[in-house]
Each structure stands twice: as structure tokens, then as C-alpha cells.
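In this document, chain identifiers A, B, C and D correspond to the written order of the chains, with residue numbering beginning at 1 in each.
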Amino acid sequence: MAPIAVPKFAIAVDCAQQMVDVARKHAESLGKQVSIAVCDESGFLVAFARMDDANPSSVKIALDKAYTAATTRIATHKWFEIVTTDEQLKVGAAVGVERMIVFGGGQPIVHEGAVIGAIGVSGGHWTGDTEIGTVALDAVGARGPE
Amino acid sequence: MAPIAVPKFAIAVDCAQQMVDVARKHAESLGKQVSIAVCDESGFLVAFARMDDANPSSVKIALDKAYTAATTRIATHKWFEIVTTDEQLKVGAAVGVERMIVFGGGQPIVHEGAVIGAIGVSGGHWTGDTEIGTVALDAVGARGPE
Amino acid sequence: MAPIAVPKFAIAVDCAQQMVDVARKHAESLGKQVSIAVCDESGFLVAFARMDDANPSSVKIALDKAYTAATTRIATHKWFEIVTTDEQLKVGAAVGVERMIVFGGGQPIVHEGAVIGAIGVSGGHWTGDTEIGTVALDAVGARGPE
Amino acid sequence: MAPIAVPKFAIAVDCAQQMVDVARKHAESLGKQVSIAVCDESGFLVAFARMDDANPSSVKIALDKAYTAATTRIATHKWFEIVTTDEQLKVGAAVGVERMIVFGGGQPIVHEGAVIGAIGVSGGHWTGDTEIGTVALDAVGARGPE
């Protein structure tokens, strides 16, 4: 008989909340207003915060950045590189794949080599959104390989 | 010339986070595993937590309970009473209105008589989900009139 | 620092394929034509087969039965009992919750007390669909408690 | 205890209706047929008119232009400039963000420095649609900074 199950790991809610808090504090220190979403390895939301002056649009974008990074195992800014160096994906990936975001701000949360979730940040320019997420990843030692 | 704007109030992110924390601690004290969503008065998410063993289905239901309570200004358990005492709404409301939930767990957050957001809890039976939300509302003095 | 990850288990593809094969052979022995879906604990598809004369509608229903059973941790025929003995859920659950099926055919796959996925069968009457799924669950020793 | 609420302002219906009337009269003076949507700061519709010969497609486009401008706080013609000068957003913004329009016709309604809603015009070329919206914004003194 085949082995029935494979083990995996998912981000713990306490760690997810810590990442949201760190991201929020870092955004505050920069005077930025963002939404921060942390989801598990299957893209289901675990923790979230929208700062008081973050625009409403940032909610869905943060959720989708996290969803993209978790369910593809690839950061959204890396997806940009992938789609722009592949003619077929350039035309079809961002538009054809549900909830797919191909600009920076979504990054996998990596633990012992496995993706256990993702963080998505939205509200400012994608470069700053990505940096805020990276600070949160580093705070819990969960940044993936470049 | 007409007055250009009307004032309104939205739940502050610090208060939303506090409500999520209170709800989570109360659920833990009961041995329950739930998702808790707090959204603003327009249904946009502000704070969220899913406990480690809450089922994945609870994420969307908590979000939709909060959305329903915020955007209709009516708790989801009150919607049940409304739809079951009105033949037309009984047949058509829950199925016809986007994201509408008509069982308990979503409640408006009321401040000085105005709905400033809503809390949605999902993961257990709706009676317990509602009670967890009520504890969070009482902790910040934001429970609406019965 | 908070613990970063919580462990969980997901159905292995070999086991999922074995379940689909067992279900298909059992359906063939009964002269039935069905779709069989096995998804992981978060509702993502792992293995699937639609028999040659199974109707097209059975594809989505099998997927949604498995999705419901996995993401709520409850079999779809048990959901029927729940919603018909609870007035609020009777009115609002099946219509208000995304992809929710409340008639038989979807069952969790249980391993050492945890839901690691679900099987959904569609194409015949729900009683037969459920029985086909149960045979597959028993073949791998993964039937949940009644 | 955290402060429970943050104040904000939303476009008043009388003002929204006035903007629709001004936009419509201006379009009539130009012999143009358009749809005009005014939404609040969260993207919910407040006032709307479709002129007798405006095409059916203009309804959804006007709504989405207003939604984009309100929920991102940025005019849709400015989004064009942003996405065309940023490689990542160029590839991913218009297709990846729900209801996002990146051609002219949607503009925020600004009152005392805050976005209190947005106007979206559709039916003609985007240059004319934008100009019609601008006339309505100026009539109520609510045009944002360039």
C-alpha cells in the first residue's frame, strides 16, 4: 500500500501575527500606510492588518500577493522576471491565472527549506512593499533563497 | 451649492487588532478554533487571525459574515430572523445577495450610534461564534442595540 | 519568538491515485459512471478520474464535494443532517458558503485523527456516490469516525 | 484602550447628484453620450446617469473607473503614466488588480485634502471622458492636485 500521507508545515498564527506587527511598525517608521497579509502554504489567510490610512484597494492586492507567493512558491517580484523573459508567460500569465500578481510585494515564508506560507504587502510602491515584507521575514528568520 | 461631504467613522486598526486578540483569547479559553475578521464600515478588511487548527473554510465565512454585518448594518443572526419572517426574503435573500450570510457570527461594531465596522467569527457552531464576537465587542464598548 | 510553524499532513499522490482506482473499479462493478476527486487538506486537487460515460456535470460536483469535506472537515452527508436540524444553517449554509455541498458524496480522508484530504464522488445518486467513496476510504484505512 | 474609530468623509448624495447633472449637461453641450458614475471613498456607488444613447458597455466602465480612482486614490489617467513608466506594473497592474482601469475617465473627488469619492465617465474617447469629469469636479470645487 502506498504511504497515505506526506508531512508539511504551515505558518503558526503567533508567528504570522508577529510578522504583521513587525511589518506594520516598519511601515510606520517610514511614514507609509499599507495592508499586510500573511497566509498559509495553501493560500488561506492567517493574519492581516490594514493601517488606518492605507487605501481600500490595498486589501485585495495584499491578499492576492500573498496567495500568489504561497501557491506558486515564488515571490511576486521574481514572477515579473519570469514573465518578462518568456514570451508566452508575458502575454498570458498575469491575465490568465486567477489572483496572480506579477509585481513586487508578495514573498514566500520559508522554514527549513519549505514554503510554509507567504506575506503580501500593498499600499505603496512595490519596491517599498517588498522591503517591508522582507523586514518581517528577517525578523522571524524565514526569508527564502534569492 | 450642496454640502460636499458627510462625516463618518471607521474602526481604527489598533481597536480592530484588540478585538481580534480578545476574540482569540476567549476562543482559546473555550477550546475552540476559529477565524476572526474585523472590517471597516464599507466591508474592507482591517484585522484578521485564524487560529492554528481552525478549518480553512472558516476564513471566507468569517470575512463574509463581517462583510454582511458591515455593509447591511445588521447582525447575521438578526438577518436569519428577518429572512424567516418574510416569504420573499426567505427564498431569495441569502442566495441572491453577494457574500450574504444569514446565520450567526457577524455583528456590527457600533460607536456613538453609528456602524463603524463589523466583526465576523467562524469555525464553530454559529451560537458560539456569535458569543465570541460579542465578547470582543464588549471589550471595546462597541456592541450595538439588541 | 513565536514558534514559526505547525506540522500537518496531506494525502500522498500515490495514495490518492489508489483511492481513485479503487473507487473506479467499484463503480464499474456496479455498472455506475462517476467522477472521483481526491483533494488535499486545503481543498486542492490531488487525483481525479471521470469514467467514460459519466456526465459533464459530475466533474464540478465531485470537486466541490471533496472541497467541502476537506475544508470543513465534515462529510457532505453529515452536513445535510447538520443543516436540517439547525434552522439558521438550513436557510443560509448551502447558499451562503462558497462551493458548499450538503448532500452525500464528499468525505474527509482521516489519518491518525487528522483530516489529510477528502474524496468526492458524483454521477449517480448521492447514496451510491457516498458508498463508492467509503469503499475507497476503507481500502486505505482512512475512514473517519461516524 | 486603543482609540476605537478614525474619522473620514464621504461624498454627500446631493453633491454627487449635482456632479452627475453638471457632467451630463456638459456632455450634451458637446453632443456626447456618456455614463457618469459617482462613488464614495470606498468605491460604493452614490449617483449615476446614463444618457439615452450612451452604449451599454459604458455603464460598467464608468463604475470601474470611479472604483479605481476611489479605492486607489489616484486618477485613471495618472495610472496610465504610472504603469507605463514602471516595468513591473506595466506587466501586472491592469490585469492583476480587480476592476482596475488604467486609461482616462476616473478621478478622485478631493475635499480638504482627503479623497471622499470619485467620478467615472465613459462613452466617448478617454480624453473627452476625463474632461467631462473635470468640469464636474470644478463645479463643486473638488478637483485633486495635479
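Here are some notes:
Everything that follows uses one rule, which is that a contact is a pair of C-beta atoms (placed from the backbone, for glycine too) under 8 Å apart; a residue touches a chain by one contact, two chains touch by 3 or more.
In this text the structure is predicted, and so the values were computed from the model without any measurement.
Fitting chain B to chain C on CA positions gives a rotation angle of 90°, reported to the nearest 5. Residues touching across the chain A and chain D pair largely diverge in numbering: under half of the numbers involved belong to both copies. Note on chain placement: the centre of chain A and the centre of chain C lie 30 Å apart, centres being C-alpha means.
Separation between the centroids of chain C and chain D, computed from CA atoms only, is 46 Å.
Within chain C, contacts with two or more other chains are made by residues 6, 42-43. Chain-to-chain contact here is organised irregularly, matching neither a line nor a ring nor a star, and falling short of all pairs touching. Under the contact rule defined at the top, the touching pairs of chains are A-B, A-C, A-D, B-C, B-D.
Here chain B touches chain D in the complex through residues 1-12, 14-15, 17-18, 40, 42-44, 111, 116, 140-142, going by the rule given at the top.
Contact residues on chain C toward chain B in their complex (touch as defined above): 6, 41-43, 68, 70-73, 86-89, 91-93, 95-98.
By the touch rule above, chain B contacts chain C in their complex via residues 52, 55-57, 60-61, 64, 77, 80, 83-84, 90, 94-95, 100-104, 125-126. Remark: chain B residues 10, 12-13, 16-17, 24, 35, 42, 44-52, 56, 59, 63 touch chain A in the complex.
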